[in-house]
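Each of the next two complexes has chain A plus one more chain, namely chain B in the first and chain C in the second.
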Partner chain A sequence: MLGRTLREVSEALKQGLVTPTELCQRCLSLIKKTKILNAYITVSEEVALKQAEESEKRYKKGHSLGDLDGIPVAVKDNFSTAGIETTCASNMLKGYVPPYNATVVQKLLDQGALLMGKTNLDEFAMGSGSTDGIFGPVKNPWSYSKQYREKRKQKSHGESEDSHWLITGGSSGGSAAAVSAFTCFAALGSDTGGSTRNPAAHCGVVGLKPSYGLVSRHGLIPLVNSMDVPGILTRCVDDAAIVLGILAGHDPKDSTTIQDPVKPFTLPSLTDMSKLCIGIPKEYLTPELSSEVQSLWSKAANLFESEGAKVIEVSLPHTSYSIVCYHVLCTSEVASNMARFDGLEYGHRCDTDVSTEAMYAATRREGFNDVVRGRILSGNFFLLKENYENYFVKAQKVRRLIARDFVNVFNSGVDVLLTPTTLSEAVPHTEFIREDNRTRSAQDDLFTQAVNMAGLPAVSVPMALSSQGLPIGLQFIGRAFCDQQLLTVAKWFEKQVQFPVIQLQELMDDCSSIFENEKLASVSLK
Partner chain B sequence: MWTRRVWLGLRASAGGRRGFPSKADPQGSRRVTAELIEHLERLALVDFGSQEAVARLEKAIAFADRLRAVDTDGVEPMESVLEDRCLYLRSDNVVEGNCAEELLQNSHHVVEEYFVAPPGMCCPKWLNRLSHSKLRMQ
Partner chain C sequence: MATPVLRWCCPGRRWVFAGIGGVSRHGRGVPTGSTSSGKRGQSSVAQQPLITAQKPRKGEREWAAVVGLEIHAQIASNSKLFSGSQVDFAAPPNSLVSFFDASLPGTLPVLNRRCVEAAVMTGLALDCHINRRSLFDRKHYFYADLPAGYQITQQRLPIAVNGSLVYSVCVGKRRSQMVTKTAGVKQIQLEQDSGKSLHDSLRSQTLIDLNRAGVGLLEVVLEPDMSCGEEAAAAIRELQLILQALGTSQANMAEGQLRVDANISVHNPGEPLGVRTEVKNLNSARFLAKAIDYEIQRQINELENGGKILNETRSFDYKLGCTVPMRDKEGKQDYRFMPEPNLPPLLLYDSESLPTGTDPQQVINIDQLREQLPELPRVTREKLVQQYGMLPEHSFALLNEVGLLEFFQNVIKETRAEPKKVTSWVLNTFLGFLKQQNLAVSESPVTPSALAELLDLLDRKAISSSAAKQVFQELWRSKGKTPAQIVAEKKLELMQDAEALEQLCRSTLEAHPQVVTDVKKGNPRAINKLIGLVRRATLGRADPTVIKEVLERQLSL
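Right, the complex of A and B next:
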C-alpha cells in the first residue's frame, strides 16, 4: 500500500481495504525502521494517530474530505506547526513551539491529511546538502538501496557499509528522504534556489516548485521573501498535482499571493505532441555537467523529438551571472530576515543581561551556525550605503535581465524548457564536505536558482539510474502560472521513462507484506 | 539535429568560459579592513568569530564582483516578479487577535504582559575586544 499513488490509496481508503489508522501505523513503523536516515526531526506520533482516528470516523460515515483524507504527509521543519516544535534545524529556534499553523499546513490538515512529523533540513534552509543542521545530516535512502549496493560490491570490498553514505541534496533533504523511503506520501519542502528540486533529483522523487505567488508563504519561516516558494515532494507527478491543487490559491495573510481564482485540476494525457515546443537552453551545457547527466538530458530531448514535439535550442544569455546575482540578493534578504531573531519574543536567548545589544549579539552568536552568520555578514556588506548601488541594486538589475531572458524564450513559442536539475548524481558525504557551504551552493544551485529569480514554475522528475545505481532527475521549467501545462508535460515524460522503484529490502524486510497484500488486486479506480 | 550543434559549439570554446564560474579569484577583491569588520559586526549584531569567516567574506565579495561585467545601462532594478500586479490590500477590519497569552509563552523573560529586555543601547565590550585583539590586520 505504501508504494501506491495518492489516488490509489485514497480509493482503497474509501473502499475500506485499508484504514487510516493502519496506514498511519505502518508509516510510523517505517519511520522507526529508517531512523538511520535522520529524515525526521520531530515525529508527531500522537497527533498523527489522533488525526487517523478522526479520518476513520469520516470514512465510516462516507464523508471523506477528499483525496488527502487519511494520507500520511510530512512537513519541512521551517513551516510553523501549531503545538509542534519548529526548529529550522537551528539552535535559535530549538524548543520553539509556534502558536499557529502555516497556511499550507492548515490546508493539508483541513483536507484530513495525517501529519507524521517535521523533516530535517540545512539550518534555516541554507545549503544544498541537508548536512548543516544542528540535528545532523540526512542520509540518502539510495545509500541503502539494492541498486546502489550491488554496484558498490563490484567495486570495493571490506569498506564498512555505512561510511560511504550519500547526501540527499538540500535543503529539503529530510522531506525528500521521507518520501523516497515510503514513510509518507507527500512532503512539503521550500524552494528558494532549488531546495526542493535538488534533493528530489538526488532521492529519485518528484520535486515541484510552483510559480511564485501561487502558494501562500504565510508561516514559512522566510529566507528570501522575493524568491521563497513552498515546494511539494511526491513519488509521482500526479500526486504533486493533487497536492498543488489543494495548496494553491490566494491567502489574505500573504499579500504576495495572486488573486486569480485557482481550482484543483487533473492532468490530461498528452496525445498531440506536435503542438508542443521544448526549449533546450544552450548555456546550461557546462563543462562541469557530468557526462551521464548530459547523455540523459540528450536522450530526453530526443525522446520528445521522436514523438513529434518540436525541440529547439534556445539561449538564456545571462545564465553565467545568475548564480552571482542570486548570491547577492539572497544574502541581502537573509541579512534582513534574520534580524528578527533577537531572543526577546521567541527563540533562544542568551544568559547575559548586560545590555540590549550585548544580549542580541550573544544570542545570535549562540543561535546561528557559521553558514547563517556568514550569509548575514555578507548580506550586510552588500547593503552598506557605499555598496548598495554597486551590489544590491546592480543585482536587482541583473535579475531583471535574467527574468527577461526567460520571457523572451517563452515568447518565441517555447512551451517548456528542459534542463538538468543537478550536475551529477548524489555524492558521498565525505566528498561533499570537502568544500564549504557557499561553494557547494554555488555549484549545486546552478540549474535551479535562475528559476527562483524569475518566479517560474519548475519540476524535477526522476529519469533513470546512473551507472552507480543512483537517481538522476531532469528539470522542466514552465511559463509563469502555467503550472498545469508544466505538470502535464512532466507526467507524459514520467510515463515514458518508467523510473525504477527503490529497493530498500534491508530496511523493509518486516514490511514486505505491505507490498504483497492481495487485497490490492481488487482496487478499482473510477 | 540540435544536439550536434550544441556539442560542437562547446568543443569550440573549450576554455570553459561560459556557464560555470570557477573558484573565486582574488583579483580585484576588496581588502576587508578591521574597521569594516567592526562596522559589519555592529550592524549585523553577529560576530565573525574567526579569521576563516573573514576569508569567507572576502571570497563572497570577490564572487559578487563578477556582476560588474554585466551591462545594465537603462535597466530598472527588479524588486518582485509580481511587479505588474497590484498588491493585495485587505479591508481594515480586525479578524483575529486576543492571543497575548499565547505569544508571551514563547518568550524566556516576561513580566506580566511585557517582554523584558536588558537596559539601554551601550555598545557591548566584547565587540570591541574581539575586533581589536583577534582580527586587527597589520
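Right, the complex of A and C next:
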C-alpha cells in the first residue's frame, strides 16, 4: 500500500481498504526502518497517531474532509508547526517550539492530513546537498536501492558499501528522501534557488516549485523572501497537483499572495499535442552538463516532437549572469532575515552576559554554522551604503532582465520550457564535500535559480535511471501562474517515460507492506 | 556692514552674540578643546547669558541658526502598523505582543489600512503631494527593543512629500502680536515604533517591553526653516493641533505619542551652513525650545572659541538644562537599507485613477479622504476672529487647551452676553481657575451652561462684576448649584430699588461730614471713599458707577 501514489491511497481510504491508523502505523514503522537515511529531524509519532484516530472517526461517519484526509505527510523543518520543535537544522533554533502553524501546514491539517514529522535540511535551507545541518547529512534512498547496488557490484573494487552513500541534493533533501523511501505520500519542501527541484531530481520524485505568490509563505522561516516558495514533493505529478490545489490561494497573512481565488483542480490529459510549444533554452547547454543528462534532455525533446508538439530552440540571453546576481540578492536578504536571531526572544542564547553586544556576538557565533555566517557577512557587505548601488541595485536590475528573458520567450508562443534540473545524477557524499557549500550551491542551482529570480512555476519530473542506476530528472518551466498548464505537460511526460519504482528491499527487511499490490487490484481509480 | 543683522528669533528682537577672547574667524579649524566640547559649552553658557536687544558693536560676528525637526507621531489606531496587536499606552508590559511583533521566524507584515489613511490625511492637511506609489524599506540596527533587527520604514519613496506647515509666533513688546511663518514639510513616512528598554542598573539588567514594538508612526520631516527654539516649539504645537484635529494621532508629548528630534547648526549669514548636531529625547515643547536655544548658544560659543562642531547626536538633560553627547552612538551607523520584500508597493488612488470594480476595502481613495478632512485649526481660528471679532491671539489661546474651544462655543450658544465678554471670562477667569488647579477642561466643575447663566445675570446687570466673580468661585466650589441659586443665597443681586439706594447714599453723606468736606475741597479720592462706604452698606450689591452718579447728584457736584 505504501508504494502507491497519494491519489491511489486516498481512494483506498475512501473505499475502506485501509484505515488511516493502519496507514500511519506502517509509515511510522518504515520511518524507523529507514532511520539510516536521517530524513527526519523530528518524528511526531504521537501527533500523527492522534490525527489518524480522528481521521478514522471521520471516515466511519462518512465525513471525510477530502483527498488528504488520513494521508501521511512530512514537512521540512523550516515550516513553523505549533507545538512541534522547528529547528531549521540549526543550533540557533534547537529547542524552539513555534506557537503557530505555517499557513501551508494548517491547510494540510485542515484537510485531515497526518503529520509524520519534520524533515532534515541544510542549516536554514542554505545548501544544495542536505549535508550542512546540525543533525548530519541526509542519505539518498537510492544509495540502498537494488538498481544502484547491482550496478555498483559490477564495478565494485571491494570498497565498503556504506562509505559510498549518495547525497540527496538539497536543501529539502529530507523531504525528498521521505517521499522516495515511502515514509509519507507527500512532503513540503521550500524552494529558493532550486531546493525542492534539486533533491527531487536526485531522489527520483516529483518536485514542484509553484509560482511566487500562489502559495503562502506565512510560517516558512525565510531564506530569501522575494524568492522563497513552499515546494511540493510527491511520487507523481497528479499528487503534486492535488496538494497544490489545497495549498494555493490568497492568505491574508502573506501580502505577496495573489488576491484571485484559486480552486482545487484535476489535471486533464493532454490530447492535442500539436497545440503545444516546448522551448529549449540554448544557454542551458553548458559544458558542465553531464553527457548522460544531456542525452536524456534531447531524448525528451525528441519525444515531444515525435508526438506532434512544436519544439524550438529559444534564448534566455541573461542566463549566465543569473547565478552571481542570485548570490548577491540571496545573501543580502539572508543578512537581513537573520538579524532577528539575537538570542533575546527565542532560540539559542549564549552564557555571556558582559554586555548586550557581547551576548549578540557569542549567541550568533554559537548558533549559526560557517555557511550561514558567511552569507550574513557577504550580504551585509553588499548592503553597505558604499556598495549598495554597485551590488544590490545592479543585481536587481539584472534580475529584471532575467525575468524579461522569460517573458519574451513565453510571449513568442512558447508554452513550457524544458531544461535539465541538475548537471548530473546524485554524487557520493565523499565526492560532494570536496567542494565547499558555496561552490556546490553555485553549480547545483545553475538551472534552477533563474526561475526563482523570475517567480515562475517549475517542476522536476524523474525521467530515467542513469547508467549507474540513479534517477535523472528534467525540469519544466511554465508561465507565471500557469502552474496547471505546466503540470498538465509534466503529467503527459511522466506517463510517457514510465520512470521505474525504487526497489528498497535490501534496506527494509519487511517489504511486503510496501509493495502489497494484491489489495490494490480492487481499487478502482477514476 | 553689508550683511543684514541677524534676525535670530522673531522680528523686532535682534540677538547678537559677542565673541569671547577675540579668536579670529580663521582660527575655527584649530582643534583647541574640541574634545571636551560638551562641558565647555555648558560652563560658558552659564557665564554668558544671551545678550538681547543690543545693537551690534563693531567687530562682533553675527550668527544665524538653522533648525530642522524630525517628528515621530504615534498613529491613533486600534492595532499596530503591521500586526493585529492592540495599541494601548497603559497596558501591562508585553501584554500586547503578536508573534510578528516579537519577530517570531516566519511571520510576515500585513499593512494596517487605518495607518495608511492617517498618513494620507496628515499629508493632505499639510499640503503634501501624496505619492500614488510608495515603498517600504528595512533599516537595520541591532538593539534589544528592536526584535527583528530592522525597522520597516519608507526610506526611498515615502507616502507624502513637499508640504508645508503654517504656524504663528508671538512678537511685539507685549508678545501679543502674531506673525505667521511657514516650515516646509520634506516628507511624511510610515514606519514602525520600537519597543522599550528599561535599564535596571541595580541588577545590571535590561528589561524589554514590546507593547510599543510595531505601533504605527508617522515620521514628519520639517525642512530647516526655523531659527530658534520658540519657532520650533510653535511649529510643533501647530502640528500637534493639526494631528489632534485630524484624529490621526493623540500627539501627547508627555506620553511619547509625539517625539521630536532637532537638527541644529549655526553659520555666519552669507556663508554655507555649519556642521549640524542632532538633539534627541525632547519630550515637551518647553524642553524642545530650551534645548534648541541651548544648543545654538553652545555651538556659537564653541565656534567663537575656535572650537569645532562635531556631527553628533546629543540628548537634552532636562535637569541640567543642557545638551550632552550621547555615548552609545559612537561612529556612524550604516543602516544597510534594503527594500522590504514582504510588502508590495503601496498603491493609492484618486477618484479618476480608481480601477473599476475594485473592492473598496482593498483600495484607498485619496479624494474621498480629502472630502472627509475635518476643519483645520488655522481655519477654526480665522472663523473665530471673523465671527466674534476676537483678537488673533485669543483664537490661539482658545485652541491651545483641549476642549476649551468647545466649552467656549457652548457658552456662546446659551448666553446673551457679548462674545468679547465670553472670551474674556473663558480665557481669564475660567482658564485661570483650571490652570491654578491643574485641571483639564473636561474636569472643570463649572459647566458651560452655568457660566452662560452667570454671564446672562451679569449682562442684564442683575449682579455686579465683582459679585459675578464671587458667584463663579462658589460655582467652582459647590457643584450642582445654579448661579441664580448662589446669587439668591448669598444675596448678591444688585439693588434694583433706586429709592432705597438714594436713601442709603443720603444717610452715608450725613454720617460722614468730614469726607463730604474733603470732596467739596476737591480731594479726588474722597468720592471713592464714599462710594466704598455705600457699597459696604449695600453688601456689595450696588453697581459702583450707579452709586457714584447718585452721590454726585446728591452732592450736586
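Note that the second predicted complex is superposed on the first by the 520 of 526 C-alpha atoms of A that agree within 3 Å, B and C clash if a C-alpha of one lies under 4 Å from a C-alpha of the other, contacts with A are read in each partner's own complex, and residues count from 1 in each chain.
As a convention for this text, contacts are C-beta pairs under 8 Å (C-beta built on N, C-alpha and C of every residue); 3 or more make two chains touch, one makes a residue touch a chain.
These figures come from a predicted structure and were not determined experimentally.
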| item | value |
| --- | --- |
| Winner by number of chain A residues touched, once chain B and chain C are compared | B |
| Touched partner set for A:Thr356, first chain B, second chain C, both or neither | both |
| Chain B versus chain C as contact partner of A:Pro99, first or second or both or neither | both |
| Partner chain in contact with A:Pro252 - chain B first, chain C second, else both or neither | both |
| Touched partner set for A:Val489, first chain B, second chain C, both or neither | neither |
| First (chain B), second (chain C), both or neither touched by A:Thr331 | first |
| Touched partner set for A:Val243, first chain B, second chain C, both or neither | neither |
| Chain B versus chain C as contact partner of A:Pro287, first or second or both or neither | first |
| First (chain B), second (chain C), both or neither touched by A:Leu504 | neither |
| Which of chain B and chain C A:Tyr388 touches, first, second, both or neither | second |
| Chain B and chain C footprints on chain A, overlapping residues | 96, 99, 226, 252, 255-256, 259, 335, 342, 344-346, 356-357, 360, 380, 384 |
| Residue ranges of chain A in contact with chain B within the complex | 96-97, 99, 212-213, 226, 250, 252, 255-259, 280, 282-288, 298, 301-302, 305, 311-313, 318-321, 323-325, 327-328, 331, 335, 342-347, 349, 352-362, 364-365, 368, 370, 373-374, 376-378, 380-382, 384, 390-391, 393-401, 403, 436, 438-439, 442-443, 446, 453-455, 480 |
| Parts of chain A lying in touch with chain C, wherever the complex brings them together | 79-80, 88, 93, 96, 98-100, 102, 217-222, 224-226, 252-256, 259, 332-333, 335-336, 338-342, 344-346, 356-357, 360, 380, 383-385, 388, 392 |
| Touching residues on chain C, where the partner in the complex is chain A | 99, 102-111, 138, 140, 142, 144, 147-150, 206, 208, 334, 336-338, 341-344, 362 |
| Touch list for chain B against partner chain A, complex | 1-3, 5-7, 9-10, 16, 18-21, 23, 36, 39-41, 43-49, 53, 56-57, 59-61, 63-64, 66-70, 72, 75-82, 85, 87-90, 99, 102-103, 105-109, 115, 117-127 |
